[in-house]
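Let me begin by handing over the structure; questions about it come next.
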Amino acid sequence: MARRIIIDTDPGQDDAVAILLALASPELEVLGITAVAGNVPLPLTSRNARIVCELAGRTDIPVFAGCDAPMTRKLVTAEHVHGKTGLDGPELPEPVMPLQERHAVDFLIETLRAEPAGSVTLCPLGPLTNIATAFRRAPDIVERVQQIVLMGGAYFEVGNYTPAAEFNIYVDPEAAAEVFGAGIPLVVMPLDVTHKALVTKPRNEAIRALGTPVGKAVAEMTDFFERFDLEKYGSEGAPLHDPCVTAYLLAPEIFSGRHINVEIETTSELTLGMTVADWWGVSGRAPNATFIGDLDADAFFTLLTERLAKL
Amino acid sequence: MARRIIIDTDPGQDDAVAILLALASPELEVLGITAVAGNVPLPLTSRNARIVCELAGRTDIPVFAGCDAPMTRKLVTAEHVHGKTGLDGPELPEPVMPLQERHAVDFLIETLRAEPAGSVTLCPLGPLTNIATAFRRAPDIVERVQQIVLMGGAYFEVGNYTPAAEFNIYVDPEAAAEVFGAGIPLVVMPLDVTHKALVTKPRNEAIRALGTPVGKAVAEMTDFFERFDLEKYGSEGAPLHDPCVTAYLLAPEIFSGRHINVEIETTSELTLGMTVADWWGVSGRAPNATFIGDLDADAFFTLLTERLAKL
Amino acid sequence: MARRIIIDTDPGQDDAVAILLALASPELEVLGITAVAGNVPLPLTSRNARIVCELAGRTDIPVFAGCDAPMTRKLVTAEHVHGKTGLDGPELPEPVMPLQERHAVDFLIETLRAEPAGSVTLCPLGPLTNIATAFRRAPDIVERVQQIVLMGGAYFEVGNYTPAAEFNIYVDPEAAAEVFGAGIPLVVMPLDVTHKALVTKPRNEAIRALGTPVGKAVAEMTDFFERFDLEKYGSEGAPLHDPCVTAYLLAPEIFSGRHINVEIETTSELTLGMTVADWWGVSGRAPNATFIGDLDADAFFTLLTERLAKL
Amino acid sequence: MARRIIIDTDPGQDDAVAILLALASPELEVLGITAVAGNVPLPLTSRNARIVCELAGRTDIPVFAGCDAPMTRKLVTAEHVHGKTGLDGPELPEPVMPLQERHAVDFLIETLRAEPAGSVTLCPLGPLTNIATAFRRAPDIVERVQQIVLMGGAYFEVGNYTPAAEFNIYVDPEAAAEVFGAGIPLVVMPLDVTHKALVTKPRNEAIRALGTPVGKAVAEMTDFFERFDLEKYGSEGAPLHDPCVTAYLLAPEIFSGRHINVEIETTSELTLGMTVADWWGVSGRAPNATFIGDLDADAFFTLLTERLAKL
């Protein structure tokens, strides 16, 4: 039986690839996609989520708009990375499929209550506002979550949006603190691992060579996306942050990490949104997350390319 | 035409009196009552709100359950003040009228969108979680609010729940920061004024002497409620915190205060939830609230007793 | 035998009166005066301390210059209250007596080590930088202090320099935290009491009527000093903050207060330097200070006037 | 002409090697050594500094005891790394040479005032308490400092004592904030570089093979010191943190880094003492430090071994 997941997302080119990878994989059943404000404002992320579903020919996937601002802070966005639309790169048509009427938070609450306890996994790919708001609104659902596998944070990479914080966590640190403190089995894909999932030229060309609309779109998204990291880090390609989440669900054996304590900084402006990961076990604090540090990048891209070929 | 209000509340004996005063006053139209976790947990506050409506014979008032925990913190409650049920004192029957199905936050959003802009006043009598969550979920409603008149905070009285903070603000300081920073016309009833609205023995006996079920219930609630303040402050009676909000809507001329800057402390554990009110104008920060400091207590109790007599 | 004290001070007109009251009182032996940056920068406070000694004819009192900036923050001063020199008002000659060569911190350390343990009382009238620096440099002296009686902080008056903080504590909150946490018997004269030590017109005229140079100078200092408070608070005279410390040493029975916990806010910018006094005993934290709340103002001014007459 | 330096230190085995390297190098004139509390309490660090001088046959170097506790916090120490004495490993005699009478802070102030402006470099190898206290006590000396080259902090290595902070900075973050904000030319040796100065087995054997008392002692210190890092990091030897400072003065060309903004976290308990280094230039804050990231480890050990051979 397929594993049932909800993807919570702020697309984002890498979110798009993560969604496509999920939709291409029979091991996963996507119950719904919930959009949240993050890389770009909510009207764009909820639009982009539908564009991606239509690109995959999956207009049956219900897409919900969620919170348009963090729990207690003003929204910051990342157009300098993702472009004005959040999905800059390929030319893709405006979506025809409608947004669902329900608020994403209501969908999360009602689905977790309706499905058997422990049968639904949450896959957050953006700020954790929708998830934390649902937990606050309906604490009874927390223990019904099977697992959370999320992209966010950093330890040895420290930060990207500020010197101390990764974007997803920085945008809504209070939401992150809620999720990291919820007591749910939690797997974290920090920059430490996602910066190793680099789309090198040959890897992108392999995807483009699929010759399909999906392959072309993904390659063009990466073309756009890599500009930022090439300039900043001098790396040999764009990091595919969010697809690490989907790949972990499909092939956890290609990832490695440590089960450790991870706390979220919410009080200091200087270090706001830092994921303080006790990688070396010096704090004495109890573990609450599996913090991934490495992946087999070749296996990851082989998996990704094979699956995208099916769409 | 009656002024249209929504009462957001965590009853609480003094909330009950504030609601009764509103229901007894033809100048006010109560569009709905939204319950929030505060003095006691949500199941009790949403129950107590309905008990109060039934006591007033107003089963037509829709009552909604809202957030059961603060935006980003664990709930703290005040049973040591209000008793186990939150409404200890009189013996009142379990409510028969049902809770509305909609979440209080949805009711707030939809009502503010449906009614003419600038025609609805919010009256928060507890932690500001419902209000702030609605503002976060639907920022477009903020400018549609006519005014907020709330009970919360303190300056010269400093704090009651901690040495630096009043209970309503302390419970959800992030929500308070959202509301105080929203740019809405705001009137604040802090402990500075509510500690002057003391139910002395003669005042309570005047209410009891109404001889009605409402008069009896209010007098018995006060009998219970005053125990705490008598012991702590040695004052001559219970402070009627929340009814100051309703009284202000009916007779603003019996209150006096200053239009000043009020900021909410959200970072320090020691001073968490403090309403830093710039009463002396030393900070240079722009005013954002009318902070009430005094009232004509005799006029207040005359008004209250006259109105309760009508129920 | 006279009680042996060290006055640590940032004169300041009210510091001047506090020093004069001490020098006029045979019950007190002033071992030295240590100047600190506060109301005005160190060169002025160390000058003013000597001016006051010379006014009292006590050029035998050793005066030491201490720290010219807080432990970890930039100095803020209060010329808007005390005038450009810190001692604006009377015309007084530049001092002839020299400053001591030793640093005030060294004097504090060496004196506390040289005198019998428990025989020296510290009387801080300004920011606590000198005292805390001495404690940090020489922790062995802490337990040799007999008592600290200081002017600083506020609870029901909350703040004067900011909405949440009194000047002396605000200037160097880290130093204050050190002193309040040192475990020394501590008596605090906050604004709550000093705002009740008001120099009304008749009281100031009684001092002026002494007809002595000291009486004249004190009256003229008060004339200058009261302008600020008249304008800000509309009070009927200047509050004599620092002399409350000296008066407490002479006549503790005219003061009343509570032995309670008092913590210093050092982390939040908004509430920085607040003395969080647990007046109502709600925190469960252990008492560490006698926090004075009231005085017999008539007795205070009678004492002050009688003693000033002797100089 | 030799470069004139003051070594401020909390020996510590690696401090010892840093001092020995300086004493062995004719390019450097050590004006004095100031001890501070850090790895072990002040009585031990001021003892150990003299042991090291005597080991080098340099009883002419004046050694001063300084602050025995951080500016505003309680001292924490690191006996779990350095052993009970701070210099565990070799058997070395108790020192005969006396401590200087003057306090280290006074020595720092007086030396910087006495020597030509811009002619003295400070080399802090421990918590920055002495340096910051001197700057606070005598702000005029700040601009007289030629350069500060210090060991402390981390960016990609993040922390060692806590998940977010390196020991030297964590012990006295307020002192660090003072020094990093002083506007002095500043070179920082963080864990990022010192963890690359690993004493591998062959490197340590080369030092032992010098056959001198110094070579033997250094090798035995490293034998002791490496136990901790071997166990924690699984690295191939002990990192020689503090000698990087001395080596930089002798051969800056074997180091590389970036001139960037580095801020110190002083407010949050979770991230206290973090050196927030803007390595990627994302903050827009002005550069204030040269933050070293890499070294030529072979060149470093060649230099070290050659110099130690001369003692």
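Order of writing sets the labels: A, B, C and D. Residues in every chain begin at 1.
The criterion applied here is as follows: a residue touches a chain if its C-beta (ideal position, glycine included) is under 8 Å from a C-beta of that chain, and two chains touch if they have at least 3 such contacts.
Given the structure is predicted, the values throughout are model-derived calculations rather than measurements.
S.K.: Quick one: which chains contact subunit A and subunit B both?
M.R.: none
S.K.: Which angle of rotation, from 0 to 180°, maps the CA atoms of subunit B onto the equivalent atoms of subunit C, to the nearest 5?
M.R.: Resulting rotation angle: about 180 degrees.
S.K.: Measuring from the mean C-alpha position of subunit A to the mean C-alpha position of subunit D, what distance in angstrom results?
M.R.: About 42 Å separates the centre of subunit A from that of subunit D.
S.K.: So how far apart, in whole Å, are subunit B and subunit D when each is placed at the average of its C-alpha atoms?
M.R.: Comparing mean C-alpha positions, subunit D is 59 Å from subunit B.
S.K.: In subunit B, what residues contact two or more other chains?
M.R.: 267
S.K.: Contact residues on subunit A for subunit B in the complex?
M.R.: Contact set of subunit A toward subunit B: 67-72, 103, 105, 132-133, 136-137, 139, 174-175, 177-178, 266-267.
S.K.: So in the complex, which bits of subunit D are touching subunit A?
M.R.: Its residues touching subunit A are 155-164, 232-233, 263, 265, 267-268, 270-271, 274, 276-280, 282-283.
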